[in-house]
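Letters A, B, C and D mark the chains as written, and numbering starts fresh at 1 in each.
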Amino acid sequence: MNKTTQRILNNSTLVLFAIVLLTFSILSHHFFSFQNFFNILVQASSLAIIATGMTFVLLTAGIDLSVGSIMFLAGVISGKLVVAGFPLWMACTLVLVIGVLFGLINGAFIFKAKVIPFIVTLATFYVGRGLGLFISETRAVNLPESFLKIGSTKFFGVPAPIIVMTIVIIAGHLVLTKTIFGKHLYAVGHDEVKSRKAGIPVDGLLLKVYIICGFCAALGGLVAIAQLGAISPTFGLQSEFMAIAASVLGGTSLFGGRGSIFPGTLIGVLLIQSIQNGLVMVNADPYLYTVITGGVIFLIVLIDSIRHLQQKKLKRLGIN
Amino acid sequence: MLLELKQIQKSFGEVNVLKGVGFKLDKGELLGLVGENGAGKSTLMNILGGIFPPSSGEMRVNGKNYHPKSPNDALNEGISFIHQELNLFLNLSVAENLFISNYPRKKTMGFSFLNQKQARKKALELLSQVGLSVSPKSPVERLTAAQRQMLEIAKALSASPRIIIFDEPTTSLTRHEAQKLFQLIKKLKQEGIAMIYISHNLDDIMHLADRIAVLRDGELISSGERQNYTIPSMVKDMVGRDMDQFFPHRNTVPLKEFSLEVKNLGAGFIQNMSFSIRKQEILGFYGLVGAGRSEMARLIYGLDPMETGSIIWNGKEITSPNPVQWIKEGVAFLTENRQEEGLMTLQNLEKNIQLAALPSFTRRFNIIDYKEVKKKSKTQADATKTKYHSITDQLVSTLSGGNQQKVVLAKWLLIHPKLFILDEPTKGIDIGAKHEIYVLANSLVECGSSIMLISSEIEELLGLCDRILVVSEGQITKEFEKEEFDRSKILEAALHKAGKEEQKL
Amino acid sequence: MTKLVGLLLVLCSCKDIKDKTTIGISFETLQTEYWVASIDALKASCEEYDLVYLEAVANGDANRQFEQVNNFISRGVDGIVIAPKDAHTIIPIIKAANRAGIPIAIYNRLPAENPGEYVTVVADNYEISLNTVRHLGRLARKKGKKHKAMILIGDLGDMNAINRRNGFNDAVAEFSDIIEVVAEVPTEWNQEKALAGVTNALQANPDINFIFTCSDFLFPSIISALKNADKYHKIGHPDHVILGGFDGDAMAYRMLKEEYLDADGVQDVYFECESAVEALLDRINGKEVDELIVDPGFVIHQGNLEEKSASMWGSKY
Amino acid sequence: MKSFFKGGYGKSSNILIYVCLIYYVLASLLAPGFFTMNNSWNILYNLLPLLVVAIGQTYVMITAGIDLSVTSIIAVCSIAGGYVMSSDTSIFSDPESIFFGILTMLLVGMVIGMVNGISVTKFGMPAFMVTLTTMMLFSGFAIWCTQSQNIYNLPEPFVNMSYSFFLGIPVPVFIGVFVLVLAYFLLNKTLFGEWIYAIGLNCEVAKISGVKVHRTLILVYMFSGFCAAVGAIFYTARLETGSPVMGQNILLDVIGAVVIGGTSLFGGKGKIIWTFFGALFMTLLDNSLNLIGLSFFLIMIVKGAVILAAAMLNTLKEKSLKTTA
């Protein structure tokens, strides 16, 4: 294996991102425009926020399948309240509180009862969606204008969703790289037993991580709702998979301890969103979207695994 | 007196692991702690390091009573414990590892952020103290084993300890690297830090220690100044009997025919390994850890792909070796790593024993003849003198190290091996079990099989083998016939290559 | 073990639960206001006739709906009203009901051709959407300029979605000189898909000025997309986009009143529900009933808003 | 019958049998219409597809893997089989079309399983990620192929399968029992089964001990695909429709059935008979709560809670096992 291929393998997501941008720019003259990049960013904001939270969880070698349900449940409750005449700020706060609560429940089961994250969050995935459907009686909740207004507000010409996304990503990035909490996160993801030996408060950390993820899910949901203007019973379905995919595309390892929010997860999110947007721009068959997105994710995981295999082989033979 | 331990006892359930052990340690002194595995060294050190409390006994640091409840308490009293398995996070940088539990911080806008500037400064100080010239920012996974060991020591130093406990610090180091570690230890000694040094390498103990303590079966057998000890006297204290009774008498001599021939084997840092093994021969491989012995065995057994060379088995070339084929041919491989590569620890004895031989017990449609296989597994478990209450209801994880190793042996004996590759078969098991394993090996050879014995214990090789090959830095450097066996010459040969490199540096 | 089973058999055979006539109501979804209004109206009709009802919602899963109806049969209902997932997955359900000898009325969606026995109550989707779009077409002609049109189509497994699209297409064909269809957005009856589809269609064809949606519940998505493109204006504004919908829900009613919506095809929910329950009762009592009951519906627009709003179900929510 | 149970008669399955029995009695007393002939058939027909798919999942989980793609396998098989059989496409004439249709479904299921298996073994991709992406990929593929349309007009004998009898036994029961016995036999009586456990317990040990790890794993994923395909046959026949969204909602029930049965996600532990009772419990739960009149979303909450409780019990049990050891 020569150096260039190795380098391409190491930066497969970036390479693919470039290829995607180039392809769509050639295929559609609408794609490569300032306006459209703005569009992509706005459309990506919700996913980026959720994926930021997911990255925290993945870094500890955990997983949170319940984010889609959190989005939905929080959205439904706040929507119902707003429709019933509660003030907007109260509803928004409540959304975030619900997100935190759900994270707390996930975290508690994981670190208190020691049930593995996959099962805990799979269960809360169904409980959350069930509760949401129960409260909404499986009906769509139409939100008042005021909600939509938040989504389309602009500060200095920048739409609110982009601003929220930027804040979340910067905050997440700072926490990961500049605080002891972030460092402990990587340590726990690498080896929980060693972390305990090193005196890291592992349990509290796991709890915090799931709370962060729940909070981000709720916030991401809010951003999405503010753009949609309505919450249908399918709202948030498969969001958890897209968030996991975005993190993994951005180089976060499912085995924990490796990954970053900036640039990692952000690039993953932008890649997914660019593909979706580009497919529309070239007027592709809408049913093809999932196939292509799924294919791209498969490809990246494949490349990543092949690289991993090779490194393992080299390491075992003492070359490195 | 800096540290004083009196009558320390520890029992787990009904097993008495420590039966009233005590010793003293003074400033700037290095105590060499030796003993067979299971003698209670680690338990004693874990008590000292605050990992668990003693059942009874007294500990004093600087004359004050000392009752650590956690590793942190020990650290606060100035006792640092460097475990055999390093507690490093490979995905983090050098500086982050150094300060994982106590990172310098600064306040910005009410938030507590890492103070990277200060961390870097402190890290460079610590690194220079241990003579490690790496950037604080470089990720630990890029460091060599020796650098990691040094980093762990730097980490211990960051808490400015008065006592450092080393548990087998040289197992993953080359000779040259170990020498550097020894220089550092001597330097620390001069600075007044007391140390407890646990090692199986008695040469190192003789080289470093001021005083020596020997443990056997939870009791302090002897302790005293280094001058009072020689290596054979230490061994005698450790083992409790003389070496020559310990190995079974070899009655057979190797036959003329070859069983396995390896020519020019190479992959990675393994280069040009050629040797052959005769029927009824025990061929020993000696070398330091990391010399390439296990890697060679893995290549032969097809666990890693070989790049060059050929393997001839009973006159027939094996082009792409793999475990499936070897098992068919009757070649067994007991790996060095019992827990990870030898046993399904959460499975019962029977299933473990039958695993490798299963294909030979299948009838039509791959249906297994359970009656037969159950009978044979039981016979084999008893033949290896494994101690168990139930072969079907007991998990292997509940067995002692020695019995676990016997289960692995039973598994391989069930395929009736014509060649048995044993990689450190007696690592970490008690003396009785060791002896039984030697007897088993001998009787296997008497039945016409051959054995490749890889070991770091020279005594073991001297006692059992017909021939010893010395491996160093991925190559076979020297061959000793039985009549030329000589402890110091073999050791010298193993160090030889490393020594040459040292001169170059 | 056998004794236990025997005991159970004895225990349960003496159980009997029946005095009032019981109806099972199974809905594929309650996602849109239309279905919500329907189930409410059905329940009201049941109460009117002093019937007990059981309800079940399948949330878009045909398999779940099948199991739910089987459960109705197990519980021994006397009749079933069902709003099916689509035209074909209803067939095994009809078969199961027929096998159990329980009358079944299909609400609002026409099943594909099959030999089973059932009553269908359905709106004349084709006619209503044809008339609605014709009205929109006349508005467009009045404006005089050329129009670029977009239609939001539903789940094509649903006969209603197909008929509404056909109605739209045939009506637009009559105005082919001034209306050109530039975008067909498949929504699968899903708001998020609709939002993405409309946003992107507007990005690709910024001059769209004629939109028809096959269901009113997609309006929030359309409005959101239009607002982002700065194209959501009242009737009379030079940049007003001609809007038409189908169903007659509350959102549409509000938009009509606030003069954003030009015309809406309305299904007469009350008529449909009343007819379904009546037909079912007749069947239970052994009377002959028409196999197909058609709700003619009507078009509501700015011109007849006052007069028709009372019969538009959306005005009551 | 007795000997059939003997192999899987572990302690936890004991409890589960009693739980199922007690629940059955309670439901008979409390849920109207539960203890009727008609409902017993309902339970059986709802149990069969779930059981079959859960059996495949059990195999995968014993190897310490997971197969999230079963739902998309069901969807793809459903449309592929539907396409081959439907009189709209009329590829084959009537009697053969059923044979070829079923064959296609089984083949498609196994091919997708093989893709999963190869990705997991040869490329070393984590099973969770592989099956997650193949789930997205293939369910997207199914929807794209059909443009989200269902496939209708399947041959009469096929759709009537659920109500036809073979040797006096309903055909679906026949198929279900066949898969159950086959799975039990393979896992408990053959080399293949022993190897599956060995891989789940310790893949490295298995490899060194001469287990053909790659081949076994690929076969395991193919078997899971096969089971999902059989599930697809049940669902397709019963809805008389080849649907690209078939089976979308059963992932919870499948994983729930396996986990309640006590199969460990860490691998090496699990029995077919446990899964049988796990699936039975899920079905009883679903059916009885439905009859009481709970809406599906409330049932969803209950199921989620039950799975969480079961997982907690398992963890507790494992912990106590470790401390006593």
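By our rule, a residue touches a chain if its C-beta (ideal position, glycine included) is under 8 Å from a C-beta of that chain, and two chains touch if they have at least 3 such contacts.
These numbers come from a predicted model, not from an experiment.
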Inset, instruction - Go through the assembly and pull out the chains touching chain C as well as chain D. - result: A
Legend entry - Pair joined by the larger number of C-beta contacts - A-D, B-D: A-D
Inset, instruction - Can you check how far apart chain A and chain D are, centre to centre, with Cα atoms defining each centre and the answer in Å? - result: 30
Legend entry - Distance from chain B to chain A - Cα centre to Cα centre, in angstrom: 44
Inset, instruction - Let me have the rounded angstrom distance from the C-alpha centre of chain B over to the C-alpha centre of chain C, please. - result: 74
Legend entry - Overlap residues in chain A, where contacts from two or more other chains coincide: 133, 138, 287
Legend entry - Of all residues in chain B, the ones touching two or more other chains: none
Inset, instruction - Give me the residues of chain C that touch two or more other chains. - result: 57, 59, 186
Legend entry - Pairs of chains found to touch, sorted by chain label: A-B, A-C, A-D, B-D, C-D
Inset, instruction - Sort out for me which residues of chain A touch chain C in the complex. - result: 30, 36, 39, 43, 133, 137-140, 142-143, 148, 151-152, 227-230, 232-235, 276-277, 280-281, 283, 286-287
Inset, instruction - Going by the contact rule at the top, pick out the chain D residues touching chain B in the complex. - result: 189-192, 194-195, 197-198, 201-202, 204-212, 268-269, 325
Legend entry - In the complex, chain A residues that touch chain B: 174, 178-180, 183-184, 186-187, 189-191, 194-195, 197-200, 257-258, 313-314, 316-319
Inset, instruction - Show which residues of chain B lie in contact with chain A when the two form their complex. - result: 70-72, 87-92, 96, 100-101, 103, 105, 111-114, 267-270, 292, 295, 298, 304-305, 474
Inset, instruction - Using the touch rule from the top, collect the residues of chain A that touch chain D in their complex. - result: 63, 109, 113-116, 118-120, 122-127, 129-134, 138, 241, 244-245, 248, 254-255, 285, 287-295, 297-298, 301-302, 305-306, 308-309
